[in-house]
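My questions all concern the structure below.
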Amino acid sequence: MEGNKTFGDVLQSLPKQVLYIILIVFTSVPLFFPVKVPNQPLESSIDLYANLMSVKPGETVLLASDWTNSTRGESLGQFNSVMRILMRRGVNAVIYSTGDPQAPRVAQDAIAKLNVERIAAKQPEYKRWENFVSVGFFSNGEATVNGMATSVRSSFNGKKDFAPGRGLTDVFESPILKGREKVADFPLLIVITGSKTSNITVERLSGKVPIAFAVTGVMGPETGNFYQSQQIVGFASGLKGLYDLEGLMEDGVNNPDKSGNVVVKSSKYGPIPGFPGEKNDGQGKRYYPTLHFAVGLLILAVIIGNVGMFLSRSGGRK
Amino acid sequence: MLIADAVGQQYRETGWFGVLFTAILVTFLLVNIQRAKMGKNLYIRRIAGLNAIDEAIGRATEMGRPVLMVPGLSDNVNAIAVQAINIFAYVSRLAARFANPILLCCYNAAVFTLAQEVIRDVYQEEGLLDRYDPDSVRFISDRQFAFAAGVSGLILREQTAATFFLGEFYAEALIFAETANSIGAIQVASSTEATQTPFFIAACDYVLIGDEFYAASAYLTRQPVLVGSLVGQDWSKLLVIALILVGTIFNTITVQGKTTQSWDDKEGAYKTIPERQNDPKQSFIQQLATPFLPKMEVDRPKDPDAEATTK
Amino acid sequence: MPPILTYDGIKVTFGVLATVGLYSVLYRENKFYRFFEHLFLGLAAGWTLLTIWVENLKGPWWDLMVGVAPEKAGDPGGNGNWAYIILLPVGLMGYMVFSKKHNWMSRIPIGLILGLWSGQQIQIWYNTYGKQIAGTAQPIWPTTWSSLTVPNYDTLQLSPEALAAARSQVYLSQAITNFLFLMTVVCVLSYFLFSFDAKSKLVRSASGLGRYLLMIGFGAIFGSTVLMRFTLLIDRMYFIWIEWFNNVILNRS
Amino acid sequence: MNLILQSKVVNFWAQPFNSQWLWTGVIGGLLFGILIFLGLMFMPAQFRRPVVAFSTFIGGAYWVLLYIFPAPIDMQKTELATGPVESVGKFLTDANPVVVSVSGTVTAFMLGLGIFSLLSIHLKRITRRQKDWAFSVVLLAALASMAFFGYADYISRQGPDGTKLDLQANWGFVNYGRDLLFDGLLQQMDAAMFSVIAFYILSAAYRAFRVRSVEATILLSTALLVMLSLMGAVAFVWNDAVRNMANGNDFLMNFQLTEIAGWIRRTFETSSLRGIAFGVGIGALAMGLRIWLSLERTGGGA
């Protein structure tokens, strides 16, 4: 049997293991040679950026951080970019999680790392309790978000966070939650998720507060659905969305750079500045080029398979 | 003040429509369930994926290898999990008759409890309780990828001949499908997550797309209640289609006209703007879906224990 | 001290070992994989056991039942609502599932949970789909023939008013797109009509077309989600090659 | 309901922290619960279905009521209801957190069953020295240590100086233990298993994506187009080429890769997803209804 295999059959029946090894090579080597890939941000990413930039300094946004290290590849980068924007614009954040018991810890670790970066850059630290409170995890996501629709206060009731010098204190004693009862008292609700919690949020809260998402690539299509029916104001999806965001933070929107030419145009918005010169790129810049090789390999494999099929077919006819 | 008593928040403006629409759907379902109960026999079209179930079990019996079932990764026991277990009840019934070992892997403890209970019942009804091994219905893990690792380990070690992945599946879907494929097991799969369906299509032998999953139990068992409700679902779908078509017509007509007003959600009022085409948002159907709620303040006496209650 | 000997070095090394161990299944099922699989399941179960109390019972149940201790003098603390205790026996009914005689009782708590879920379905249905239904209904006849496709607003310089006016127009291309969108939704929906006799020509052709349109959709979904999968692999490779091999083993960072 | 379970003012149902009356209530309630439990055990069989049906109905009834019962307009927490309708509406909204914690708690008690199942299976395997029993030992050991370190770490983080432990410098043995087990192993394994999918996609696509049928061809070609459009470099080159060809012609500009892919996604991906979603949504609604009213035989309805 093995003997009289036509070339077509061979092409059609490459052993899996071979494909796997090639994939490992394709996803490892480029990591050592990062390059900047040209890119055009998606409209949804621009909308997300514009909405983040439109929150007034000193305001407080709701931030649902529903990701853990298992989607670190996409979510961590998105979280970092979003937080960088909030931090630089002096926007406060109330961080809660309905996705995973571990999510609050992961988010805090990420913020700690960002703070190290800020202090190194001689920027003020983003302080717990004064700039952000971590409300913690809610085991029954659906019902909690449902409760937020009627009253944030009642669904966050009894949740505590560490106040400097006072230990665990009711989160509503924090200055950034003063006089905030309803979800409508927040200018924006940002959901950074690696799971389905985004749907739950839309189902329960759409129309009550502007909602923006940063989701993993796999959630992209569903999220696009909400985006199109204007249930959410903007979103970044997966690595592409992240790369867009990092680019936008560099270039801004309708915003001429030093040499005077506008990199990102959008007729929807007036000029929105970026943060040129600051640390904007992270995971996106690091992973996106490599992704090209991986996808390229996938396409190649599909082509080889089909070529093989045609060869052996025509071979069959002879 | 009276208005607050008369109309609730959700009924203001066109808010009532949502409630009414849901009510109509519910009525459709109940009416048809009633019709079916009264013995009216109703037609169901053929669903390829479901005919495969018997074949798969038959094959497993020939090979004397176990049948593996996964009722999805629902976070809690919900309709999707229940539906999956309903289908698996049918599968296990066949397996029980052929004395074929089964393996039902649960992601959630509550689902596990229900499955344990239902499957035992199945064996009892068949009078084969002696063949029932409580360990054949297992809780693996309620951590997505621990579950994935555990199940694929089981598939490889038990060399399952037929595998059923029905329910809520996410990223791990492909892990199961490819692992099962690598040992040449027949796979019948379905995910209520449309985003996972393409991966199942790529890797599995038979795939139930979207709604076919909910049709399954009716199709397999032909219980009047289920069949009736299935017909009710079809009526509901037709209603949705009708609403979409009507809406399209209204919309198309609306935008032909011009306006100098636009609704401001923040203000909760109309504001004047330079003339332009009507916004589709102002069309009849859109207003039914998204009521424009003007601001409304109602003052009430303060609660004496307010302080205590808001703490 | 070389990073491999620091705590972080050891931690990363553990992570790499585990990763490689799980990857080994790609070659074939083996003892190495089996070890890490069981380790994985064990740790996950341990974590669950922990969260039962820490996350799911202490706050949402125990604290409500026994109340909270006063934090400072004069603070009454939270009262306890003792009636919550009744949930304990209700929950424990689930454990009767292993009893030969009383296993039916496990259906009571399950029933309660299911009931809560079902009620919510009725509550959220319209909130979820109402807007999408309306969003599907878009104009399918253009309001202007001045241009067949949407003009590029960026190039033609317009006053804000004029721009808004231009934006409010529906151009032929949009009308067609809207129509295709509408058709797809309708055909896909009719593909999922189960109880209508396939003899009815309209339904049959609609659902036939629906299946093809579905495939376009699925193709697009596949294309747009596949990238994420690779991203996570790239992240792993970064972890192994850069965070471990480069930074820990070669001690270059 | 909110009177019974969330009253903040001391009354029959609510007693101060650690007061003897509170504990009397707790114990009394427990005894009462045990009585019900026993009562159910020895209840004649024909009442079983009704009891289960009842518990299911009660659960669903709350959300349905919350949905259809007129909700007070612009009601603040500090305000009193005026009139019967409003007070019921207020009651329903206030009851929300209670219902949340009730469902959460009952679910939480179920979680133990999962652990129970694991223990029974693996202990059996060990005691009977069945195949792979050694791995069962690994599993149980991992379970025990994760639970121990996790809980010890949790305890150490309680109290006012818990924040200290956000800094690794202040960590003790248990904190390191937990960090190693959770961050070092569990989370890494999550990520590893998740990324395994990439390999399977490759092999699945290679095996299955053949232009055999019309459907397969459609699926394949759309997938390729979208994938290419999401590869920034490819998209950029293609778009550039088009821009040069078009030089200012708006119509030709629509043939930029990102435009085409975007159009396909907007027009077909979203719409087909929506079509499926409507169907599935209605299916879930129907199922929910059948379960809520216990119309089904198998499954949860008893």
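Labels A, B, C and D are assigned to the chains in the order they are written; within every chain, residues are numbered from 1.
Just so it is clear, a contact is a pair of C-beta atoms (placed from the backbone, for glycine too) under 8 Å apart; a residue touches a chain by one contact, two chains touch by 3 or more.
Everything numeric here is computed off the predicted structure, so don't read it as measured data.
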| Separation of chain C from chain B in steps, with touching chains one step apart | 1
| request: Give the chain pair, either A-C or A-D, that is connected by more C-beta contacts. | output: A-D
| task | Specify the chain with the shortest distance from its C-alpha centroid to the centroid of every protein C-alpha atom present. | result | C
| query | For chain D, which other chain has the most distant CA centre? | reply | A
| task | Take the average of all CA coordinates in chain A, do the same for chain D, and state the distance between these two points in whole angstrom. | result | 20
| field | Chain centre separation in whole Å, for chain C relative to chain A (CA means) | value | 14
| message | Centroid of chain B to centroid of chain D, CA atoms only: how many Å? | response | 15
| query | Just how far, in Å, is the C-alpha centre of chain D from the one of chain C? | reply | 9
| remark: Among all residues of chain B, those touching at least two other chains are 19, 22, 25-26, 76-77, 79, 82, 110, 113-114, 142-146, 149, 157, 171, 194-195, 198-199, 201-202, 209-211, 215, 230, 233, 237, 240, 290, 310-311
| task | Name the residues of chain C that each touch 2 or more other chains. | result | 22, 25-26, 34, 36-37, 40-41, 43-45, 47-48, 51, 54, 56, 60, 68, 78, 94, 97, 104, 107, 109-110, 113-114, 116-118, 120-122, 125, 127-129, 131-136, 182, 185-186, 189, 192, 214, 218-222, 224-227, 229-230, 232-233, 235-236
| field | chain A: positions in contact with at least two other chains | value | 16, 20, 23, 27, 70-73, 139-140, 143, 146, 153, 207, 218, 221-222, 225, 228, 240, 291, 294-295, 298
| task | Draw the chains as points, connect those that touch, then say whether the picture is a line, ring, star, complete or other. | result | complete
| task | State the interface residues of chain C toward chain A in the complex, per the touch definition above. | result | 26-27, 51, 54-56, 59-60, 63, 68, 71, 78, 116, 120, 124, 127-128, 131-132, 134-135, 153-154, 163, 220-221, 224-238, 240-242
| said: Taking the touch rule as given, give the residues of chain A at its contact with chain B in the complex, in rising order. | reply: 16, 70, 141, 153, 195-196, 207, 218-219, 221-222
| query | For chain B, which residues count as touching chain D in their complex? | reply | 1, 3-12, 19, 22, 25-26, 29-30, 33, 76-77, 79-80, 82-83, 85-86, 89, 106, 108-110, 112-114, 118, 121, 135, 138-139, 142-146, 148-149, 157, 171-172, 174-175, 177-178, 181, 192, 194-195, 198-199, 201-203, 209-211, 213-215, 217, 223, 225-226, 229-230, 232-233, 236-237, 240, 296-298, 300-303, 305-306, 308-311
| request: Spell out the part of chain D that touches chain A in their complex, as residue ranges. | output: 76-77, 93-94, 96-97, 99-100, 103-104, 107-108, 158-163, 166, 182-183, 187-188, 190-191, 194-195, 198-199, 201-203, 205-207, 209-212, 220, 224, 227-228, 230-236, 239, 258, 262, 265-266, 269-270, 273-274, 277
| task | Would you mind writing out the residues of chain A in touch with chain C in their complex? | result | 16-17, 20, 23-24, 27-28, 31-32, 71-74, 101, 137, 139-140, 142-143, 146, 158, 169, 202-204, 206-207, 216-218, 220-221, 225, 228-231, 237-240, 265, 267, 283, 286-287, 290-291, 294-295, 298
